[in-house]
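Would you mind keeping the following structure in view while I ask a few things?
Per-chain residue numbering starts at 1, and chain names A, B, C, D, E, F, G and H are given in the order in which the chains are listed.
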Amino acid sequence: MLELTLNGEARRLEAPLTVASLLASLGLDTRKVAVERNEEIVPRSRYAETWLAPGDALEIVHFIGGG
Amino acid sequence: MDGMQPASPAGIEDDGWTVAGRRFRSRLVVGTGKYKDLPETAAAIEASGAEIVTVAVRRVNLSDPKSPMLQDYVDPKRWTYLPNTAGCHTAQEAVRTLRLAREAGGWNLVKLEVLGPPPFLYPDMAATFEAAEALIRDGFEVMVYCADDPVAAKRLEEMGCVAIMPLGAPIGSGLGLQNPAMLSILIEQASVPVLVDAGIGTASDAAIAMEIGCDAVLLNSAIAHARNPVLMARAMAAAVQAGRLAHLAGRMPRKMGADPSSPLTGLIR
Amino acid sequence: MDGMQPASPAGIEDDGWTVAGRRFRSRLVVGTGKYKDLPETAAAIEASGAEIVTVAVRRVNLSDPKSPMLQDYVDPKRWTYLPNTAGCHTAQEAVRTLRLAREAGGWNLVKLEVLGPPPFLYPDMAATFEAAEALIRDGFEVMVYCADDPVAAKRLEEMGCVAIMPLGAPIGSGLGLQNPAMLSILIEQASVPVLVDAGIGTASDAAIAMEIGCDAVLLNSAIAHARNPVLMARAMAAAVQAGRLAHLAGRMPRKMGADPSSPLTGLIR
Amino acid sequence: MLELTLNGEARRLEAPLTVASLLASLGLDTRKVAVERNEEIVPRSRYAETWLAPGDALEIVHFIGGG
Amino acid sequence: MDGMQPASPAGIEDDGWTVAGRRFRSRLVVGTGKYKDLPETAAAIEASGAEIVTVAVRRVNLSDPKSPMLQDYVDPKRWTYLPNTAGCHTAQEAVRTLRLAREAGGWNLVKLEVLGPPPFLYPDMAATFEAAEALIRDGFEVMVYCADDPVAAKRLEEMGCVAIMPLGAPIGSGLGLQNPAMLSILIEQASVPVLVDAGIGTASDAAIAMEIGCDAVLLNSAIAHARNPVLMARAMAAAVQAGRLAHLAGRMPRKMGADPSSPLTGLIR
Amino acid sequence: MDGMQPASPAGIEDDGWTVAGRRFRSRLVVGTGKYKDLPETAAAIEASGAEIVTVAVRRVNLSDPKSPMLQDYVDPKRWTYLPNTAGCHTAQEAVRTLRLAREAGGWNLVKLEVLGPPPFLYPDMAATFEAAEALIRDGFEVMVYCADDPVAAKRLEEMGCVAIMPLGAPIGSGLGLQNPAMLSILIEQASVPVLVDAGIGTASDAAIAMEIGCDAVLLNSAIAHARNPVLMARAMAAAVQAGRLAHLAGRMPRKMGADPSSPLTGLIR
Amino acid sequence: MLELTLNGEARRLEAPLTVASLLASLGLDTRKVAVERNEEIVPRSRYAETWLAPGDALEIVHFIGGG
Amino acid sequence: MLELTLNGEARRLEAPLTVASLLASLGLDTRKVAVERNEEIVPRSRYAETWLAPGDALEIVHFIGGG
């Protein structure tokens, strides 16, 4: 099991896990979001090879209406 | 030109503006916030004729990942998304937010705003300098929201910001340009585009901003909080064109005495 | 509606105005005086999109009867000629002038203005009442230039004038609306069209006049004395549309504090 | 001979003379002017039958640019 | 002069004004209406330094003939009572009211105001002309409340009115001078005293009226409806003096660029 | 209180203000530059009633060491000298200049201004922060000239500046308060005195500054460049008192409709 | 008895009556009021000799606070 | 001889010389000026004991009218 923080909330997930599989499991369209891992951007091209580790802090963001 | 369509975009195609090497015909940049829902957002933006829209970056709502997204209503292929840093009160937050925006969108033209505390959310210029420096070093093209401070504006320009965007009044106040004299000074000294950002309340405010020589106007609440956002979006499109044309035309001089518009000769007696 | 042509007349066809039973789409009425020459007059009027133009009545120059006439450049079949009484300082002169105008043009819709002495040429309301009474008795449809005096305006309306046209500032001054509060009162109480006549200096002035609820704007110097009259004519067309749309849309409320345009939830931390 | 005042100037003209023939002799397009005789409008329809008399004061006007 | 008392009356004794042959030092004329009670009325008038007070004429309350009267609190021997025609909407009512006032007070200096209908109570100039004519024929010295209409004002002056008192804004609105340009025109052309009457809201409004060249200012609500009428009365006294002195002093020219107040020579390096 | 001297200092003795522990009765601070000569300087300052005067620090003219000095005309024992840093464009220059000033005068209350380039001489806030920090560390009590930027003003206050002095308009422009809304925000959030510094053109401008709640007003050109500086100095003294009293009194609310000042009951019929 | 209108109200008063005696009976200070009889001013000097008649319309006014 | 800079100008003066004697020789009232030597303030109390050295840069300033 992996314990990590996702958008500020603690989550327990099945390990091993890549960013790509996480997004898939969450049902997110990778073309519409961006991912930060421990305050480092994870380039879209690396989702498949980026393995999550215990204690990782992830931010998954997208664009919303704003002025 | 066809007098029956005096304000049609066709008429002013030749008078677009350029920021960071990108050319735009519409001098109206609109925000995408504060609308009732996404369909209203889309309708108002369509009506505004804007080519650039500002957007915010926020956490995906993981409890409802399938909820409609802005992109589904405002096509990023048709409109240039300008990610902002609304809600950021430190340089660090702003830089981090825009790096995520760049990854999400794939471009590096951004709007930087680092704000002071509520309720006035006035730009924090010291933090804005710090963030602008970091972003430019990191390859971003920064359109920067700032105080109507000519010294700060000049410094941002010298740092390499691609557009200077002074506030016209407190954000969301709708008070209209509170300081046209100072804005004129900023415009006079700038060698990059100057946009009035924040404070516009109605069409004539936008026209005045263009008349004093702004390159474009950025607004959101004036449309989103109008009783009828779509009509106000059309009003703003026309107002920005009117102000730009008036600026190019060169207004008549003000006179104190009166001056009749009809000749005084040939009167019957 | 097509967001790419937000201010095209098509967009507001359904929002025209009516005076003396005549319907017009354009809310801009322009004078034909003060231009460099007749070709410039024609080009500016074309660009303005106006459907009504004011004209003066003067003695034919008998020493040069073949010199070009206004009708040769501004076709009375396409534009509604609105004869004025510019230069008249008594009711008698005004009535006599408009009887000649009616005979020359063949219609009875006219603009009455009886002016006080130079340099300010402020409307002489006592003489204006006298002339309006005589003209209405004689079958004219009178659009009347007047002071921003709600009592006088109401009386002119009760006499049967078909439009009330208060000045926004001294004629030809270009100072812009000097008294929006009083104009709002006139508009609020009027049951015939109200046009701001005289005083407009640039596009935003015309937009403001429409935002406060005028039915149309009448101007001449602002276009004819602009550095580029044709461009300013287009600016005015767009400004009047912008102001009208903003009036219909209903502007956002003014706030003293700031109000962010982006949500404060979902910020990264 | 007829002595009359035309647009404020004294003129001596060949009598007899109608408004119609006067306008023709002046080369004016009757559709573009209006005529006042002794402060009375002369309707266009009456030009041909309106004979000028000594001392008449005539005004011949047209539209010009005005605000 | 003593710099410690720059605004003391002593300093401007030599700069009084004259109306109908009467000389006054204070350029502030105050109304006596709208106060909480007669003692507050007296205290505020005292604090204002005014020498002329406007008063209304009304039926005696016969059910309580012993109730205190204005004269018991504001001594007619010390203050010049200026009876008004407030509430009169016809020339007849106004003339009849002022004949009673003349009999009650024994003087013939009066304030004429004939008002249009509520809610705006704008002066009815046609009825005002009629009343002024009758009053002047009857030997009154008429200070007349009027529109900011230079033609009407000139006519009132030519009829023999001893002072012209245009409104600055709707009575009781406190909006401040809505039309300084037109007021300047009235002042420029007048050869009798011009007082701004109605519309003043706070001290700076009164100062502006004096700066543009008024001979005096007439107000009531601005003091009576202030949170602290006595303090505001003192504020108005100082404001009128400030504006008059500034008018006499001749203000600095306005400049767009900046101009340092300290010399640029002799700087250490 | 004596109604005949409504604006005498006596009347407001109890309403002085305090900066850096020093108490002052006059809320007018005046510069000593730009006068024709030293006698005119002395007369104007005397007339202004000011208790604090700003002064510049410059090299002694060694070729004429006996030429009269400011102290010979404006006694430092009677007036508090407030040395400024006019002409300084870097923090270093400003600090060095004020150390000399402290040695020359023997006190540590100073006015800090670090200016951007001509022609606008807008305050350079980044350099101002740097200088303020160094001066406060060195024991100065710093009254600081700044932009109308609430974030910068708050930071200066938190650094320990004893008064915040935002510009009302470009220095020497005489344009009057260009941004009252922003100044109100600064005043609302400040816990040290706020003075409007620079931009005042005439008496009503100073009154407005006090009405919005400033603790005092600092000006120079408005007096020195008036046609008659001594008269304008008296005007400013009265204007500051008027504005302060109006602020304390609490102005009447603004109304759109009219509100008669005389009762509508008891009219004769 | 006299029937007359006083400040708009009908009154029945003991006849004969002068303006002076009316004001006295009402307790009014003659120096602070003015009297109109049938839309004609009654000068203060004539109060004693002015006899009221049936149907007279009287207005008795004074100064009050007004702007 | 001392060569030094006084208010930006080169001067040659008789050595030895204190700030006090310099001010006296210049005819300046010490209560109205301030002195900086090589960018350091010279306190009034030290004028008498402060000896000038070759190459010193002195600034002697006073208050003038300024806004």
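The rule we apply is simple: a contact is a pair of C-beta atoms (placed from the backbone, for glycine too) under 8 Å apart; a residue touches a chain by one contact, two chains touch by 3 or more.
Since the structure is predicted, the reported quantities are computational estimates derived from the model, not experimental observations.
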Intersection of contact partners for subunit E and subunit G: F
Shared interface partners, meaning chains that touch subunit F and subunit H: E
Contact-richer chain pair [C-D vs E-H]: C-D
Distance between chain centroids, defined by C-alpha means - subunit A, subunit E (Å): 74
Between subunit E and subunit F, centroid-to-centroid distance (C-alpha), Å: 31
Residues within subunit G bordering two or more other chains: 8, 36, 59, 61, 64-67
Overlap residues in subunit C, where contacts from two or more other chains coincide: 31, 33-34, 54, 56-59, 84, 86, 96, 100, 120, 122, 170-171, 173, 175, 181, 220-221, 224, 256, 260-263, 266, 268
Interfacial residue positions of subunit G with respect to subunit F in the complex: 8, 36, 59, 61, 64-67
Touching residues on subunit B, where the partner in the complex is subunit C: 1, 3-9, 11, 31, 33-34, 45-49, 54, 56-59, 61, 84, 86-88, 93, 96-97, 100, 115, 118-122, 170-175, 201-204, 206-208, 211, 220-222, 224-239, 241-246, 248-268
Subunit G partner contacts - residues on subunit E that touch it in the complex: 31-35, 38, 41, 54-60, 62, 65-66, 69-71, 81, 83-84, 86, 96, 99-101, 103-105, 171, 219-221, 224
In the complex with subunit A, residue positions of subunit C that touch it: 260-263, 266, 268-269
Subunit B contact footprint on subunit F (complex, rising order): 116-117, 120, 122-126, 129, 147, 149-152, 154-155, 169-170, 173, 175, 178-182, 185
